[in-house]
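Chain nomenclature is as follows: A, B, C and D, assigned in order of appearance, with residue numbering initiated at 1 for each chain independently.
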């Protein structure tokens, strides 16, 4: 499945990049295919794999903040294992 | 933590209520505090408790559909255990 | 269409209820059918009507905070005009 | 402001790329800075500019489908006008 997620501390200040950097490190170490964008990160893997990464990001952020906000969007399609690379390309191919 | 989530099959037809009914049954059996609204369900519990319920809903829906879409929003605040009942009330109390 | 939305300031502190109260007042004054839940508010109306309310909430919050975060989810179905009242009921009716 | 959004028809079939292609065309013609990812599109602009693009995508999709689902996430920060290029870079710079 492909998962898009974002996580942020609530009330720690206006700049979030130092917190996001911690999350980026955890995602990188996970070994799962991922891609950051300006509003979140796409990760691909099985339910348990991806959710373990998001939980690790949450556990880390709760060490730095008393309240956090998480947003997760999932596209779960049987038999698709390389969606991260192919989804945008599939739509672009149909644009002409 | 308080979790708002919605889950829907992709491509099975325009009406979703029969699928949502299956999800409602799983949520009810979980024993966790919850509240349905027109665009999703609020559930309160620990990470593992709530995520187990959402995974069960997903597993059930993947028996009925080849592709599903899930949306999850989390408010995780240390020391808050009755947020489902109190959050709207706290804001309403400050409206005057 | 039915819209679920939430709005929060970034970096103003851990408690958000005073900000949410301002938003509740704007929603109430709009005259559109709405329902608050612990993670957001459902509103029903035409695109322009609902988006004008959300923009007014955003404009108000930008008077109080330098950075804000908004989340919007829309279910837009032709011919449905009382979805706010009927969606949960339709799924519940199929639970037995 | 930076906006992440996705839009999909409900009940038209399992493959969505032909619908997404129509949306991509509208986004491209808008002239606003944007970036597609596997779960949505980031766009940057003023409220009215960005919302007009999303509304145009919605109007187009309602010509092709009777029911559609839209998800929008907004990061609105005063004084930031090049967030699309800078946000990921700012977090990456803090990773070491």
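Annotations for the structure displayed:
FYI, a contact is a pair of C-beta atoms (placed from the backbone, for glycine too) under 8 Å apart; a residue touches a chain by one contact, two chains touch by 3 or more.
Being a predicted model, the structure only gives us computed values, none of them experimental.
At the interface between chain A and chain D, over half of the residue numbers involved are used by both copies, so each side presents largely the same positions. In whole angstrom, the spacing between the mean C-alpha positions of chain A and chain D is 17.
With each centre defined as the average position of its C-alpha atoms, the distance from chain A to chain C rounds to 25 Å. Inter-chain centre distance (chain A to chain B, centres taken as mean C-alpha positions): 20 Å. Multi-chain contact residues, meaning those touching two or more other chains, occur in chain D at positions 10, 14, 66-67, 69, 71, 73, 75, 77.
Taken as a contact graph, the chains are fully connected, with every chain touching every other chain. Interface of chain A with chain B (complex): residues 10, 47, 51, 55, 58, 62, 66-79. For chain B in complex with chain D, the touching residues are 8, 10-16, 66-67, 69, 71. Considering their complex, residues 2-4, 6, 14, 17-18, 20-21, 23-25, 35-40, 42, 71, 73, 75, 77, 83-84, 87-88, 90-95 of chain D touch chain A.
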